[in-house]
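Structure record follows, encoded as structure tokens.
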Amino acid sequence: MSAIAADRVWKYFGDYPALRGATLEVPAGACVALLGRNGAGKTTLLRILANLSKPSKGEVTVFGESARDEKIRARIGYLGHGIGVYDDLSAFENLILFGQLMNVPDTKAAANAALERVGLTRVRDGFAREFSRGMRQRLAVARAFLHNPEILLLDEPFTSLDDRAIAVLHELLRDALAKGATIVMSTHQIREAMELATQVALLERGKIVHTGPRTPEMLADPGWLYRMYEEKPQ
Amino acid sequence: MSAIAADRVWKYFGDYPALRGATLEVPAGACVALLGRNGAGKTTLLRILANLSKPSKGEVTVFGESARDEKIRARIGYLGHGIGVYDDLSAFENLILFGQLMNVPDTKAAANAALERVGLTRVRDGFAREFSRGMRQRLAVARAFLHNPEILLLDEPFTSLDDRAIAVLHELLRDALAKGATIVMSTHQIREAMELATQVALLERGKIVHTGPRTPEMLADPGWLYRMYEEKPQ
Amino acid sequence: MRDKAIYILGILGTLLMIWNLHTIFVVLPGEAAQGQIGKMLFIHVPAAITAYSYYAVAVVCSIAFLVTKNFKYDSVAVSSIEVAQVFTLVNLVTGSLWGHVIWGIWWTWDLRLTSQFMCFMLYLGYLLMRPAIAEATQRATMSAILAIFAAADIPLVVMAIRLHNVRTQHPAPVLETGGVDATWWPPLATGYFVLMLIAAALVLVRLRQETVRREIDSLRRELHAM
Amino acid sequence: MKQGLLAALFIARKDLRTEFRTKEALNASVSFALVVLMLFSFAFDLGREEFYDISGGLLWLVYVFAGALIVNRSFIREVPNDCLDVLIASPMPPWALFLGKTIASFVLLLIVELISLPVYGLFNNLQWVHAFWPLFGVMTLATWGITITGVAFSAVTVNVRLRELMLPVLHYPLLIPLLVGAMQVSTALIKGEASDIMQELRIVIAFDLIFTSLALYLIEFILVG
Amino acid sequence: MKQGLLAALFIARKDLRTEFRTKEALNASVSFALVVLMLFSFAFDLGREEFYDISGGLLWLVYVFAGALIVNRSFIREVPNDCLDVLIASPMPPWALFLGKTIASFVLLLIVELISLPVYGLFNNLQWVHAFWPLFGVMTLATWGITITGVAFSAVTVNVRLRELMLPVLHYPLLIPLLVGAMQVSTALIKGEASDIMQELRIVIAFDLIFTSLALYLIEFILVG
């Protein structure tokens, strides 16, 4: 059974279709790099997978169940364009809050461990509003991984991270994959994504036009896939 | 005479020094890649160079004059984390407004030319709020380049841009350099920056620890510089 | 098809209205106490009831939108509310004119006047909010919610104001209590029927506008996305 | 269900904690309430008797204006870093999120009201202590109604342009039945004529019940679409 | 100086254009004024004579409520895409930015007031036409005071660092002398007792002068700091 299955998903914003029958199957344990030009619909698709918006047409199932199910939602970790932490709470308080909402058993230990992993232990009690852009992104990563989700939906997770933070994120993602998690991440930093991805999906104007395993040539030449589909009529 | 000179600049946020005596000299016509880990102080330094905040200690001069001078400000283009355009104005109106504020002589012609350069002519009268993320970033670039600034301060300009948009930005920057402009850009997408940079400056915990020309080995191995300074005590 | 319906409804409404106005002003004698101004009743009351009828249509369509997510219902809801607002305004203005003649003042915070004004304000908020939401699905959803809230509020308003009821300037119900001359009933009923027809034609016109606007909107978005 | 209630409490605690940390809304609305009171006492040079007649009305005007400042922030506070997305994606049901936010706003508004009441009495030489407990009851009931509708509208208008302006235009007309009831009851209580307040109170309670159930039921449409 | 004034005009035009494009702000604040009128009529069930006594007070309450909504948006509008940064980085001096924003808010608020005045008169059966020009004068003076302080506080609110120092609590109490003056003068004008209004008017003018110069002088610290 595939972990995530989106079946001919359409999403209209008004009368404008941002997704036009996108179909995506992600087997459990895969790491999918979701590529596509600006405005292709990557964010829209990820938001639908994460239950943040409803598809206008089509069906999304996660582990064979409706994505709307509460138990399913507890197994998903989502990291969007916004970092999703409160500026007026400290890093630690933020994680405690999300731990409680995610039903994490020992929230304090989990929060401390998460801070440790992303290297924010030193600023544990600093307010998020005082963090630099990269530190905020690290906190957001810690938040998304807090409850050891089985499915990770990441929208441009490498944005604004420095080399170390990218290494940390890579490690976290590798750990998660080793534990059997399934990952879908959109990105424009193709190089960083390709190192991890086992699968690649290309979204173009609301449709998935290519899915397949990541081949070595993609790793060597990140622009390859885009060029493949360059000739397509606009 | 150097185009930008920051002399032992300190910046405190409360008791925390984000900059601890950063010193940077940028000769006219250079393109400096300002590198540094998350929280190193890149944004803080760029904001001080752009007059958006005042240094707590130290001096910043631009073309030998105080950066606070109004005439100097007209020669600087700044592109920060936010895109700095109004959602409720059309692309054209946005550029007209900024042209007027920047004392651009023939605002209409300049605005049209700028839209042409970033490839937004077709959506000239569309509201910025309806643009996709990449289009918004393009408009922001057009805005920053509108008055042909002699100094460009760019904070992570490649963020969230797809390959095509990055190519457009590269071209604009090359044009500007050819016209003699001076560029300082912070970035974590080192590869994209290195293609253009003539100089590299590394900021670490509020201090500039390295400045120098970009060497070919940096282009081949973007992590090189970071590794150089890895051994330093935290 | 829809165009034809608009013309038919419009022409039928106009003809009937002319005939009814003839009955009201030529056939019927003036009201005993008030003279000719009393005939304001024939617009004043039907306008109010027409407005209520279309508010009711709107709430039904709003619920239907939430259930089906079909934008047609949203269009009908907003068109109905706009038309109902117009008729509420007709009721307010005729009442005000009438009051100026009979009571010597344009307005007073009497229970009936106030609750009608309240009704107008509730739905005015609805109409003001709509254009301020950029995204169409969200606009339709939030509007539907507002329409439902407003409809739930109206009975409470009426109840509360009945209790509060300090000033009573407006005539007490005469229609139910038989205070109206038997000869006045047919033109009253016809008046209501006429206004309902005209309102239906207006709703259809508005619906067409809605559809066209949505099309233009999507074409423009399509252009931007390219 | 139990999970949901627990989550609501977490949300309420979070909102109250951030609010008490900066005290921004609390300060603004208390000072706003005080200013309005002061202005009223300047603006209306009324006799004692007449003032008693409008005392409940004034009180609730102050409360509803101050309340708007607090209640409107409720969901808007979640906008800056897209926190709302994270909350909606969490396993907590939407009604729990809504309930949590309502509870936080309710507590805040009640605090503002309890602070303003003595000041109001003092400025206007009103005797209200004798009627404190019944007044407190009315305050609780009516404040709940103000909060639940206000927070619901705050969620509705999260993506509306000019929401600070739109919100009162949408919210106040809806509140009229509640306010009329609360004003009458409060005036009667302050004047000491506690005889026939039940009828008005019933409207307040009906308002609470209707809009609480309506909002809890519709909130899923509002938040998830 | 001339450059600065020109820039102020560009800013004012930009703000007014975005507002007038949809007329959303105008419509919303006029209907807000209507809603407040409605609330007042419930709260105060007064006779005609008594109403004349408080007419100026009520009028200014409506104005200040509607005004707060408009004026507070002034700088907040620049926050979403960090537009404020771009404005500050431009060669225009900070006072020009501030002046431009104040002018835009002032015009908007004055329009709202001019529309609400006849409605106010109509709904409450007040005669005000005979006193229109003097009333208009008071409106101009007092509205300027409301706007200049309000826009300055709007700028403070944008700046996180200052927000904690100069709490917005101050804005409303700050307005009291201005409002008391305006209320007294307006009541006197509406009642036709235009004899000794000069003294109160002097307070309004003093308020305007003091806060205009203070705000223009301090704005650089508020914005760039």
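A, B, C, D and E label the chains in the order they appear, each numbered from 1.
Assume a residue touches a chain if its C-beta (ideal position, glycine included) is under 8 Å from a C-beta of that chain, and two chains touch if they have at least 3 such contacts.
Just so it is clear, the structure is predicted and the values come from calculations on it, not from any experiment.
**Q** Going by the touch criterion stated earlier, list every chain that contacts chain D and also contacts chain E.
**A** Common contact partners of chain D and chain E, which must touch each of the two, are C.
**Q** Of the pairs C-E and C-D, which shows more C-beta pairs in contact?
**A** The comparison resolves to C-D.
**Q** Between copies chain A and chain B, what's the superposition rotation on C-alpha atoms, in steps of 5 degrees?
**A** To map chain A onto chain B, rotate by about 175 degrees.
**Q** Among the chains, which is located farthest from chain D on the basis of C-alpha centroids?
**A** Chain centre farthest from chain D's centre: B.
**Q** Which whole number of Å gives the spacing of the CA centres of chain A and chain B?
**A** The computed centroid separation for chain A versus chain B comes out at 29 Å.
**Q** Could you put a whole-Å number on the gap between the CA centroids of chain B and chain E?
**A** 38
**Q** I'd like the Å distance between the centres of chain B and chain C, where a centre is the mean of that chain's Cα atoms.
**A** The mean C-alpha positions of chain B and chain C differ by 57 Å.
**Q** Quick one: chain A and chain E, Cα centre-to-centre, how many Å?
**A** 47
**Q** Among the residues of chain A, which are close enough to touch at least two other chains?
**A** Within chain A, the residues that touch at least two other chains are 39, 81.
**Q** Can you tell me which residues of chain D touch two or more of the remaining chains?
**A** 22, 161-162, 166, 169, 173, 176, 180, 225
**Q** Going by the touch rule set out above, which residues of chain C reach two or more other chains?
**A** In chain C, the residues touching two or more other chains are 118, 121, 124-125, 128, 132, 134-135, 137, 164, 221, 225-226.
**Q** State which pairs of chains touch, listing all of them.
**A** Between chains, contact exists in these pairs: A-B, A-C, A-D, B-C, B-E, C-D, C-E, D-E.
**Q** If we count contacts the way the header does, which residues on chain D are in touch with chain A in the complex?
**A** 3, 7, 10-11, 14, 17-18, 21-22, 80-83, 85-93, 224-225
**Q** What does chain A use to touch chain C in their complex?
**A** 12-16, 39, 56, 205, 234
**Q** Inside the complex, what are the residues of chain C that reach chain D?
**A** Checking each residue of chain C against chain D gives 66, 118, 121-122, 124-126, 128-129, 132-135, 137-138, 141-142, 144-146, 148-150, 152-153, 156-157, 159-161, 163-164.
**Q** For the complex, give me every residue of chain B touching chain E.
**A** 47, 50-54, 70-71, 73-74, 76, 78, 80-89, 93, 97-98, 100-103, 143
**Q** Give every residue of chain A touching chain B within the complex, in rising order.
**A** For this pair, the touching residues of chain A are 37-39, 81, 130-135, 137-138, 156, 159-165, 188-189, 191, 223, 226.
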